[in-house]
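The letters A, B, C, D, E and F name the chains in turn, as written, and every chain counts its residues from 1.
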Amino acid sequence: MPSHEIDVLQYQITQEPYYQPTGNEVALYEAAYAERLPVMVKGPTGCGKSRFIEYMAWKLKKPLITVACNEDMTASDLVGRYLLDANGTRWLDGPLTVAARIGAICYLDEVVEARQDTTVVIHPLTDHRRTLPLDKKGELVNAHADFQLVISYNPGYQSLMKDLKQSTKQRFSGLNFDYAEGAVEAAIIAKETGTDEDTAAKLVKIGATARNLKGHGLDEGISTRLLVYAARLIKQGINPNAACRMALVAPITDDADIAATLKHTIDAVFG
Amino acid sequence: MPSHEIDVLQYQITQEPYYQPTGNEVALYEAAYAERLPVMVKGPTGCGKSRFIEYMAWKLKKPLITVACNEDMTASDLVGRYLLDANGTRWLDGPLTVAARIGAICYLDEVVEARQDTTVVIHPLTDHRRTLPLDKKGELVNAHADFQLVISYNPGYQSLMKDLKQSTKQRFSGLNFDYAEGAVEAAIIAKETGTDEDTAAKLVKIGATARNLKGHGLDEGISTRLLVYAARLIKQGINPNAACRMALVAPITDDADIAATLKHTIDAVFG
Amino acid sequence: MPSHEIDVLQYQITQEPYYQPTGNEVALYEAAYAERLPVMVKGPTGCGKSRFIEYMAWKLKKPLITVACNEDMTASDLVGRYLLDANGTRWLDGPLTVAARIGAICYLDEVVEARQDTTVVIHPLTDHRRTLPLDKKGELVNAHADFQLVISYNPGYQSLMKDLKQSTKQRFSGLNFDYAEGAVEAAIIAKETGTDEDTAAKLVKIGATARNLKGHGLDEGISTRLLVYAARLIKQGINPNAACRMALVAPITDDADIAATLKHTIDAVFG
Amino acid sequence: MPSHEIDVLQYQITQEPYYQPTGNEVALYEAAYAERLPVMVKGPTGCGKSRFIEYMAWKLKKPLITVACNEDMTASDLVGRYLLDANGTRWLDGPLTVAARIGAICYLDEVVEARQDTTVVIHPLTDHRRTLPLDKKGELVNAHADFQLVISYNPGYQSLMKDLKQSTKQRFSGLNFDYAEGAVEAAIIAKETGTDEDTAAKLVKIGATARNLKGHGLDEGISTRLLVYAARLIKQGINPNAACRMALVAPITDDADIAATLKHTIDAVFG
Amino acid sequence: MPSHEIDVLQYQITQEPYYQPTGNEVALYEAAYAERLPVMVKGPTGCGKSRFIEYMAWKLKKPLITVACNEDMTASDLVGRYLLDANGTRWLDGPLTVAARIGAICYLDEVVEARQDTTVVIHPLTDHRRTLPLDKKGELVNAHADFQLVISYNPGYQSLMKDLKQSTKQRFSGLNFDYAEGAVEAAIIAKETGTDEDTAAKLVKIGATARNLKGHGLDEGISTRLLVYAARLIKQGINPNAACRMALVAPITDDADIAATLKHTIDAVFG
Amino acid sequence: MPSHEIDVLQYQITQEPYYQPTGNEVALYEAAYAERLPVMVKGPTGCGKSRFIEYMAWKLKKPLITVACNEDMTASDLVGRYLLDANGTRWLDGPLTVAARIGAICYLDEVVEARQDTTVVIHPLTDHRRTLPLDKKGELVNAHADFQLVISYNPGYQSLMKDLKQSTKQRFSGLNFDYAEGAVEAAIIAKETGTDEDTAAKLVKIGATARNLKGHGLDEGISTRLLVYAARLIKQGINPNAACRMALVAPITDDADIAATLKHTIDAVFG
């Protein structure tokens, strides 16, 4: 039988996540949180958006509820639904409602994947009302004073079919993210994997080349995450060349020419 | 277990919402309400339509039930449905039915998002009948004498795919809204955020420039709401330039050229 | 808990609805009803089709069951469905089945909105069989001797995607409706709103101009209903000019040129 | 609570339906039935296909189960489904299964409306197997010796999107139907309505003209059913001219030119 | 209440089906069965694919479970689902699971009609694993040693939209079927219907002509099944000419020219 | 009644699967597993991807849970759902949740078939979080230390409509697979079927010819699996020529020219 009480503690970030600021984003976020402004974090795949929010939740000591958005997500998945019980139907709050009640930061990851019109349910939470009407339950939830809404958004994805509506966008303040500059990214890789700085620098060099191919055969550049994968395989004793092919080439392209270009770069860097 | 009684008090607006009239809209609305004419409020995102309705509900001392419309909303979401109970099925009124029974103002926000044909259920409530047939329950609800229906509508959105049918439109009287004139808008910003009048005026200046870009790279201009966001970030000690980029640029465009134009304007205004 | 018995009285029209005949439509309908021929009432939005059917139901002293058709309506919404009860499933008749059992006039409003193929369920009720098979219940309902089916249909709406099938159309006799002639329409407005005849005549004049714009920027002309709205706002003390803009311009067009033309007409008429 | 037993008697045709043979169709059908060959009856709207099947069921003294096919019909609607009961789920046979068990003629009306692939469920009933697998129940129903399957089909409707598959068609023998020849059709109208032969002949003349317009502005000609409607209105004392406009013009066209042509024909015939 | 035990005997073919081999297909199938290779039987409508499988099931003394595939078939329809019982939910095996448990030949008829991706559920049953994971039940079924999977496939149907995926096709061995040669087909018709050999030969001649029209106005030729229908109508005393029109022309074409060509052939053959 | 406990033992691979390494894939996989990196195995149909994962699960002594992905698979099918029980609803973990709890390798076969956005649920399991939020249950599952996610992917399939999103791809390391080189493939066939080496070599020769037709009339080459099928039919005494037509031609093409080319190759090789 499902538990009748939400376990709030599970949403607290207990350990400081590793996060390397690259500008004034921490101060900007703190100001937005102080005003409880909704925040939109924008940027390419794997540049650290989710980890930044986790870091801020840890820093602000607020619970964090993350929802991976997808096309099949209905408003009920966010808001809640009735379940059938031995005593009849019982209402189960969805993650957005839980966040509004307990005063969590609610992070809707890849919100552009959700049906445009499902996102309408967040509107009354993002203006002066700060309420969430549970129409099916006949209840109007007033958000907890600590509640804040955050969404992530990858500008490279949106299209005519999938974009946020202006009436949604205009409810958020925004922070732009990108991959870290060379030296910072190398430091991140070295710190996270324990690899030597020379290897980390070489991996960053390969990443930089691949990011230049974006729009010329690659949909996106190689993310910091994949560079970390390569470093971890090297740490396990795999030859750098093979590790890079496994972590940096195979996952991101099926095109023989692009793959050859990437392998050529790897060979040039690791000799 | 869901409550069997609707809590009417939760729909009463207990505090006067801040609203700055810009014309004769209050008198027009009062006349329409006196005749119980359905009202359509038209205008761009974030110009204050929802707050106006909230203000009128407060002024008229009527409960207000707001429904954020979306494409996935079914007639049952408006009208009601059967829930399963320990003793079998139990009918739960939807928000439109609740409003009709208790004599509330029912505000269907962004009605153009609802499926065109779902809106058909409001027809018998908007002519001389003032009834709502609950076909699935075999009941015909006669609307309370205080009931009124209001819808909002953003003319910039409708398209061949999404527009209200004439047979729906011709059941409403209409009120046009737009962003407030410069001085009024600055006063609104200053009043709402406690920022100084100089900053407010500068923000309004940036807003005016952006609204000229509508149709030339921007789908909509910058709303008053976003100008308020910028003012609140500045109040938190954020540099005006950074605050404007966070509140006025990042959320509304992914286009590098448009963003550059907006940042140029910000730099010109805030020096 | 839903009632097990249908309350027939609620479908009786107890007060004579105001209806002003414009031709021989009353006699034609009476003959069709005497033969129990299915009737299709055709005409533009707001010209009085629904009220005519209400008037005839009152005149013939038959209960009237109205169903507002829409794209999401399933055959079950018309015919009935099983509900879950403390003792298992229980069948609930839909409005069409109720009408067939109690001998009501069943009025399917805006039938062209229903899915073409859902309308197939009315076929056996509209030929010599006069039966309604409840396939899911294993019952064949023989229609009450007083039962009659009526549908409304707006010729201006149908398209390749939405039109009745010939095999449906050829089960109906038809009555064409249009807006009333000038003097008659002015009398209707004066009678319904208590406004003076001069104002009513001026409103009719504005309506006539707008109806000439149909197909030249307006999808439909201004309905009698909207002229009545304007008269009611004027009765509430609103300036005729402002009342006409609210009732006759704002709801029906978003086009600045068309709106200007209409406002020009209003100014010309009301000075 | 739904009845646990099917009432077979309700499917018996107790009174001889009026049917006027126009060729050797009765003998052909009897031979097909003797061999239990599935039969496809083809022809335009309202030419008497359904009534012919009713007549044959009466003549052969077999129960008749008619299903009006539509796009939303699922295989479960034909075959059956589980219902929830006080003691758990209970299987309810669909109309096709009932027909197979009791040895009825099962008539799938307008089968071309059903989803192409839903029709696959009839395949094992239409070859040497004569079985119906109820996959969801784990039962294989052997059809009663008297069972026969009949479908109707309007060749004017099928399109690339909606046509029977060859693997379905090739399981049927076929009978072509059309409107009756002039004298026969007049006799049918006179017999069914009690109108005089002169009026009937005039109506048939109008029908013949309209049928020549098929493909030249009319999707289908005027069916015998509509001619009968006109005769019945005339019998009620309505002027023939007005009766024809109501029964023969309004239901079948919204085109002013076509309507004028039809009215001209009516005037020419009835003077 | 549904039975808790599958009645295995109902799937045994107790009488030898009439099947006339036309090549080495019996030996090939026996070898494939000995190796439990999945088999795909390919060929046009009504050429005897289903009967061949029935014959082989009889010859091998294995139960046969046939599933008529269709577009609306879900994986649950094949694999099984939970039903609600007085004591809660109860799992009901689908036909594929039943076949895997009892060691039946499972025959998926017209598999190309099933949603491409639904066919994925058969993959683990068609490689070295011979397992069927019931994800919803948390059970992994190991197929009975006698289990074999067979699918039928009509190459004339597949299109860009509907074709089996290579990853499905490459799990099957294949057998091609076609209509029998003239003398063999005549013998089949005479044997099945008891008609004289002269009539059978004449029908085969008509069939041969029609098959030449395939691709020139006919989607498929006339199947052996339809020739058998014609012979059965003739046996019932129907004139051969009329019987052929009913069985060979009406069901397969709505085109007047093609129908005329076929009737001309019939007249030429039967005089 | 469904079992309340998952039987973990059923997911253990108890016998060493036959797998012939063709490069350093075993070492690369072991390194990826040591780091718990998600792995994507890429390659054409039937080249041994699934068997490789089975082999690695056996080698690493970890349970393996395989899910055959398909378009109709919902997030609930992966994650779990509520079932109705005698005591109300009860949560049933889906295969992904089971794998995360017990520390299994979860293998999503043909992941490209799943709806793009359903794959979003795997995101939090594939980054530093290694968590799986069960939104509907209000529980956050921390993955077992042994858990690893593996997906298979056939580059020949993806299209504009069906491809993994970059934000999914960039969470995986990748291993490319292809058919084995000639001598190795012949050894595999001989080992698996017990056929003589000469026959195996001849089959490999036919396979090589067919793989050259890929993109020139064949969507994919002949897989090793089909060559094994041919060898097994030959072992059953079927003439090699007939065995190859049944196993290598009929299943993979409906094109007469391509079939003729393949048969010509078979005749040339087997004489």
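Convention: contacts are C-beta pairs under 8 Å (C-beta built on N, C-alpha and C of every residue); 3 or more make two chains touch, one makes a residue touch a chain.
Please read all numbers here as calculations on a predicted model, not as lab measurements.
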From chain F, the most remote chain by mean C-alpha position: C
Centroid distance [mean C-alpha coordinates] between chain C and chain A, Å: 51
Approximate Å spacing (C-alpha centroids) for the pair chain D, chain E: 30
Touching two or more other chains - residues of chain C: 84, 86-87, 90
Sequence of touching chains round the ring, chain D onward through chain E: D, E, F, A, B, C
Footprint of chain E on chain D - complex, ascending: 24, 27-28, 31-32, 34-35, 37, 40, 42, 74-75, 82, 84, 86-91, 115-118, 120-121, 123-124, 127-128, 133, 135-140, 155, 158, 165-167, 169-176
Partner chain F, residues of chain A touching it in the complex: 1-3, 6-7, 10-11, 17, 45-46, 50-51, 66-72, 77, 81, 83-87, 92-95, 98, 109-110, 113, 154, 156-157, 219-220, 222-223, 225-226, 229, 232-233, 235-238, 242-243, 246-247, 249-252, 254
